[in-house]
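The same chain A turns up in both complexes below, where it pairs with chain B and then with chain C.
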Partner chain A sequence: MSAQKKRNFQIEAFKHRVVVDPKYAEKTWKILEHAIHEIYNHNASGLSFEELYRNAYNMVLHKFGDKLYSGLVTTMTMHLKEISKSIEAAQGASFLEELNRKWADHNKALQMIRDILMYMDRTFIPSTHKTPVHELGLNLWRDNIIHSNKIQTRLLNTLLELVHRERTGEVINRGLMRNIIKMLMDLGSSVYQEDFEKPFLEVSANFYSVESQQFIECCDCGDYLKKAERRLNEEMERVSHYLDTKSEAKITNVVEKETIENHMQRLVHMENSGLVSMLVDDKYEDLGRMYNLFRRVPDGLFTIRDVMTAHIRETGKQLVTDPERLRDPVDFVQRLLDEKDKHDKIISLAFNNDKTFQNALNSSFEYFINLNPRSPEFISLFVDDKLRKGLKGVSEEDVEIVLDKVMMLFRYLQEKDVFEKYYKQHLAKRLLSGKTVSDDAERSLIVKLKTECGYQFTSKLEGMFTDMKTSQDTMQGFSATQSADTGDSPTLAVQVLTTGSWPTQPSSTCNLPAEILGVCEKFRAYYLGTHTGRRLSWQTNMGTADLKATFGKGQKHELNVSTYQMCILMLFNNADSMSYKEIEQATEIPASDLKRCLQSLACVKGKNVLRKEPMSKDIGEDDAFFFNDKFSSKFYKVKIGTVVAQKESEPEKQETRQRVEEDRKPQIEAAIVRIMKSRRVLDHNNIVAEVTKQLQSRFLPNPVVIKKRIESLIEREFLERDKVDRKLYRYLA
Partner chain B sequence: MMRRSSTRKTGSQNSASSMNSSPVDLFCSASSKASVKELERIDQLFNSYMNKSSDMIDPEGIEALCSDLEVDHTDVRILMLAWKMKAEKQGYFTLDEWKRGLKALRADTINKLKKALPELEKEVRRPPNFVDFHSYAFQYCLTEEKQKSIDIDSICELLDLVLGSQFHAQVDLLIKYLKTQNDYKVINMDQWMGFLRFCNEISYPDLSNYDPDFGWPLILDNFVEWMRERQS
Partner chain C sequence: MSMMGIQKDRVRFNVGGKIFETTATTLAIAGRNSMFGAMFDENWNLRPGETGEYFIDRNPSCFAVLLDLLRTGELNIPPNMPERLLYREALFYGLIDHVRAAKWGQFDGNRLNLAGSVAGRAPGDGTAIRAGPDGGCCVAHGSMVHVYNWMLEEYPPINLDYQRVNDAGWIDSDNIVISACERLGRGDGGMGLFSSSSGDLRYKFQVNHDNQVKSYTAGALSFSSDYKIFASCKGRSNEYGIGVWDQVTGKQIDFFYESLGWSLGDADKLQWLQGRNCLLVATLFPRKDNCYISLLDFREKKMVWSWSDMGALITVDEKRVRDAIAMEDTSSICVVNEYEDLGFMDLRSTNGSVRWSSRSRLMKGKMTDEPCYPKLALHEGQLFSSMNDSISVFCGHDWVLTSRLRRSEGGSICDFSIGGDRLFALHSEENVFDIWETLPPPIM
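After this line comes the complex of A and B, so read on.
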């Protein structure tokens, strides 16, 4: 820097002589003080604003700001003390009114005083860091009125008393209340909070604690919740009418805590009226109320969900394990669907379609449906029933609804492969007996299964449909070649089933009557002529036949029977009576089937085209059978059913189970090999976890079975154990 | 336990390790006069037990050998000797096997062989050798072509022979279990090796460190469950 000295320019202030009258300040202040008195005494109309303003201006200008300010404080304080006395003197209800009136006066006065002293407010106060006039007025009001000994407690008690009266049903002057509260708020948020809000919340907590205790002792859960809801609304309304909006969260919090949170468990579990009863009785309104109240408190929804889950699991478990229910599979599944509908409706109407509730419902269903190993079979039987007869006259949309519901149950199944097994069996029966009501419905369900489980799952089912279609075409082709010499020979309808696509049936053949055998041979020749290299075998246990029969008095009937029954009846064209042994020899129908057929031909009233000696319900090996020429029926067409066991018998069940287990083995092994091929080295737990994950869309593999398959793969040298870390397996390629 | 068998075992070549070829072996195979003489005596010893028609020591020869060694032919040490020779066929020693074994043991007389047996047992009992011996014992019992497993009764005998002296209590229980259970009629190599590992690793009798998630063969899961049921 240069050493050159900086020259400071100075501008001298313009000085004019000020004549200071030593009494000037005192005089001027007297004028102003008088004005303030007049303002407080409601005599302001005679005052000149301009003159007063100038006086105040001059005082500040002549450095008497301090005097002016302290004079203001003293004067205002004096007036407030007087006001305080008059408020204190007010009796009873007039207390708040007096306070309110005086507050209004003070505000008006303050406004005028501020206007007069505006110059002080703008220049003197900021430079001396004093409190501005308006704020000063409020502070003085606070200190001299609100915080005065005789008012502070009285005010608080009066306010709380009024709130209490309102809570107990009295009508109070809300306008006055609002003004007073507004005053407290104007005096600063700390005044509002300390002098009103805090004690208000404490008193409220007390009030609701006592009240909720009374309610819970004498009300049922629904009534209690109604009262709680009303209280909550009342408090919110109160806030909107005369409290600070910021108080809403605080007071509702108090109500929630005292009325809901503290009694949550007791409410939910209340006997005969708690959550479980509401669920049982579909009390949508009460449940909705509970949901909306409980969601306000911590763990509230969790509590509801927990109890609901436990309840659904328990009732579901009872439902699926009740031996009574197992008798009727269709009813069993219908009840499951009803149960699901019921809770779906509750969740949508009362629980706001809450996702977590839906998940809880789903997991509960998954839990209990799989408690019963027969669920897959029963669900398939339910579909069977619907597709056989249940959907007649039902619109397409309703069919879809039913099928969608079935699919929903299907999704809960862990053993989807077992379902597939049964579904295949039932579908086969439907298709072969022509019992299926709607081809569209059948296909629709297959498509649903396919989207759910993939192509593999349904490929065989679809194969069955293809076979049916192909068979139709084949039969058309066949009858076209036969049209010349139809004559009296029986009409044949053949369904050619691809081995492997259809459920394996123990193929028990029987001796067909010569007439039938003839057509059969013609068909065989036709079929093998167009399809070389195939083999046909007759599944006589699966067919049906329509027979024309003439009875004693010449009455004609058409009998709809099974192939076996047809074979038996045809024998009676040449003989009027036959013994059991003779029939057995002639037809070679397996004994158990033969007995069932004979039972349905001879022992069912109205369908007894045969007569049996001796007369009894059961078929004996020494029984004799006669053509019943006295047979009569109201109907021309008589359908003679076979006594079939629809539900599986115990041994059949075990056989199916075994087949399922056998089918699973290669699937598990394939999964293990797939996993090991890509991972090369993996420990036991991870293999089990990955295999389970890969297969869970079809079934839930048992860890023990997985272990067995691993050991088998070790034995066959697909895998080995790691030499060092023996919990690891290595893939041997 | 050395059942006679006529079919020659060709399947699964045993994995008996090559750890017998110690430096001493290599030294011995050097053509010094002493070793030539030693080899001659080993050959002579073989000839004295050999069946002339098959050029092998057959079960009868082994019995003669056992009585000369004053050990029972079912003694584990004979199995150890077979292991040392890497004998392939149960009940038979070929000349090559005989030479391999006796040379390694530096035994060219029956007396020396007798004295070598305790040392051999010590060698076998050393952990890495023992795993190999354990696996060898299983292979040695596979007599049929493509045979991969051994029936329960034979396994029980083999268990007692191979592991019985070391893990008396466990082996007794395991044998008891194997004879009462119905799930398994035969035992495969994996399970057999699992038995050894079980005896070596699992604290007995509390079984506290047994974890079925560790990938033990299922039969051992069942065995442990069976033992726990007995204990409670």
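After this line comes the complex of A and C, so read on.
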């Protein structure tokens, strides 16, 4: 043996702590482990809480926290594996019930285990950054139950199957469903999403893709939308009953995409039941449903709006270009208003008063109203009709409504100046003939036009009203001076019209009867006596007269006639018959007017105070006229109208058009000068754009006309062309 | 029936051999997360032993104190009972939060009572003391930061590469940020986030300039309620300014470079002003020859208010500003000079000058041999300023001196801090800090 015996020195570290019974930790853990078993076996009533709590405390205190924690993990895992087996073994419908029951058991056990291990949860776990007991219990459940091979797919399929059965009309146990879904949510949002929500959304997308395909093949648009709406509501209800509220947006999105978005075009354009049919038939409910469904998908409302716009434009275009409609301007405008009312009602009842739809409607009207160049004239005629007779007995509010509607149409007009022209003419006739129904209504419309187009637009119209008022005062003054010798001489009413404010008329005078001429001269003397420096000329073509006439059987009538007609009839005071030529010579009334007057005096049944030979509808230059002794009427007052073309005749139209164009020239020039004054230098296209912008509230200037006006301004040295860039114009101060 | 009800409500405990009687109602105060809450939960279906009582194998005198706490809401620790013993028992029952809440009252600068002093083991003078959110504190000495919980038990000390610590602050009760000097060329120092209880370094904040990580010295710190950290920073290539980090991600999210002729990177004090959405930065004498105080708006990268004594004729030393604090309620900044004269500046006028208040001049000419510069603090409308060995409390619109906290031992106070309803004062000598608490309200 070797003498050098190896000697091992062992230096033992000094121990601070006297280790308690070496088996202490194991013994204590056994007690706690047993308790956990008992808790899972529903056998906790024999356990002493105090003892268990103290033991768990002591293990942590004596640095056996790790042992306690890992023991907990092992024991709980073992129990969960057993639970997993019993859930797997459950057959058919009892599968979910077993899962639900075991989940409730586990939650209760977890709570009790946490109660025992409370001290560990509060001290050991935070300082060692371990998972707290409750969360640990959920994680172990997730890993051992929910994600176990034999449960995961089965659970998902069961849940999806139940949803499917509910969709096909079966009643399922929603309470159980809610509990299971709640469990998935409790295990964390990622578990709910991965293990249920994602596959649920995929399956739903397939389901609705197939179903919507079936529906669209066999349903009309209205029915399809009803079905889609019901499905959408069902899904929302499902979420509220047993899914996470956050799923609502996702599942409705799926339904919307599959049922609406994918079939949008086909639905809208469906033959006999699509959007156009709904619009035509005023199907407010269907339209409202379509609006509410379509607005949930991208471009949905855009699609509706697009089709609606095209439809309104097309029907509007047909309306304004139909030659049949052009015969009656009042009916024409009334139809426009009806069309507008119809669509306004649809937008308000079905389309939620959507601003973008209102705009689309307005732009459609603007589009087609201006397709017909006579629209401004017709609108003015419509107003004329309303203000002459249409508004009789209508309440003030209703008058306002009608006027507002007219203003709405007026707003669509591009050629507002044309409207102004006609309006002025029609207003003049109304004022002078005293035919206007309501002064208030007239003024109200003027105020509306003023707010729409500014002071300039209505200043002349207002001037007409002022003239009317002034004339009244003048007449009062005049008759006061004449009061002494009224006697037998005719009563005169004169309206003094300021030149310029009124539509210009070719001044065509006629020879007034001597009786009238005398009074006229008196008035002239009176007027020029009170107003110096004025000129007074007679517009005999515009006046009216009331004549007292006695016929054959002593019948007395008051005849309401025009000034021209009065001149003609007065001739028959001295003669019983006169030839056309004689009348023409005596009165010097222009031929066309004369013929019209004679026509209305001799050819209208019931108003024929004259008799014509030969009898015919038209007036010939060789005709002879007789005082109709046999004239009779049941009315004392007989109104003899003039046969007037209410609508303008073709040459008149041309003339008005020309006047409008003439009036536009200075306005365009003024706009060009205003723009150039501030810009100094500008190219052609920009001038056109700016002029158009400035004038669009009155009319849409023609670029060719603008170009002509620019050239004219260059000639007159307001502008010059740039020497280098010929496209540029310069302002010459 | 009513007898039955009372009987049922009554609970008998045998704690370590001593019998206590109480009611289930009293025990319910302990809450579900306490031992009593768990014990009497219906899950446990608990029945008393044959003697009709529940046995608990714990210290009976502590149980008496804790039971009294549940009954009255007040904590009365008998003089012969070590606090540590009581705290340990409270921890066992899950009542430690109840104890902490009852230990001291809601903070009031005029009703403070010296609750204790802790003698530290630090080798050098103190730099800073910072109160934690739940009653603990941390103390910076040289390159070490000592951390104490509310029971004033010391946790392992913290250091950042053993570099000199400039400032420290609590993010929450479990996280402390410390700022330290850099060590040239080593990338040491800067700013780190530590676990308060374990002392582990959890995160080290970086400064990036032009997409390059730079080493830097971090100075004063401030935190905002929207999870930002602000620190004055000094890099080596003129990268001076205020850095901003996100508390959640730890990433640098902003940097305000100091402009020529102004000082930000050397700042002594940062203060986040929530209402104005800007940061007060104060660099003061004697760190620099001049004092610079400014308010920075990071959204517009603009200095929205500034004041400096640059160019002012300095003949009288007393007018040098030694600390500054913004008071958002009155839109003013309070400053203090080395004689504890308080001065005020208006934040609403841009060319501000200091309006010195003569009322507070109480220490004139009574300088101790080893002076500490005055420090200021503001807490719920009360202004605190430290001078020599005492802390003065000022209240009211005109900041009237209302209380003075003073303790003869420990020498001058070099820093103090208010938080978690406590005031901590750090003395420059003897490594001592004091804890001041508000007494519970009177019984009647």
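Structure notes:
Methods note: the second predicted complex is superposed on the first by the 711 of 733 C-alpha atoms of A that agree within 3 Å, B and C clash if a C-alpha of one lies under 4 Å from a C-alpha of the other, contacts with A are read in each partner's own complex, and residues count from 1 in each chain.
We take it that contacts are C-beta pairs under 8 Å (C-beta built on N, C-alpha and C of every residue); 3 or more make two chains touch, one makes a residue touch a chain.
Computed from a predicted structure; not experimentally measured.
Per the definitions stated earlier, placing chain B and chain C onto a shared chain A by superposition produces no clash, and the two fit side by side. When the shared chain is aligned, chain C comes close enough to touch A:Q111, but chain B does not. Looking at the shared chain after the overlay, A:H531 reaches neither chain B nor chain C. Contacts of A:S127 after superposition on the shared chain: chain C is touched, whereas chain B is not.
Figure note: vertex chain A, arms to chain B and chain C, all at CA centres after fitting on chain A; angle 100 degrees, rounded to a multiple of 10.
Once the two structures are superposed, chain B and chain C can be ranked by residues of chain A touched, with C on top. Shared-chain residue A:K30: touches no atom of chain B or chain C.
Legend: residue contacts after superposition of the two complexes on their common chain; A:K707 is shown touching chain B, with no touch to chain C. When the two structures are aligned on the shared chain, A:A44 is found in touch with chain C, with no touch to chain B. By the touch criterion defined above, A:Y53 lies against chain C but remains apart from chain B after alignment on the C-alpha atoms of chain A.
Here chain B and chain C sit at a least CA-CA distance of 46 Å once the structures share a frame through chain A. The interface of chain A with chain B does not overlap its interface with chain C at any residue. The residues of chain B lying in touch with chain A in their complex are 148-149, 188-191, 193, 197, 213-215, 217-218, 221. Those residues of chain C whose C-beta lies close enough to touch chain A in the complex are 33-35, 38-39, 41, 43-46, 54-57, 91-92, 94, 197-198.
Across the complex, chain A meets chain B through its residues 683-685, 704, 707-708, 710-711, 714-715, 721, 726-729. The touching residues of chain A, counted against chain C in their complex, run 44-45, 47, 49-50, 53-54, 57, 108, 111-112, 114-116, 118-119, 122-123, 127.
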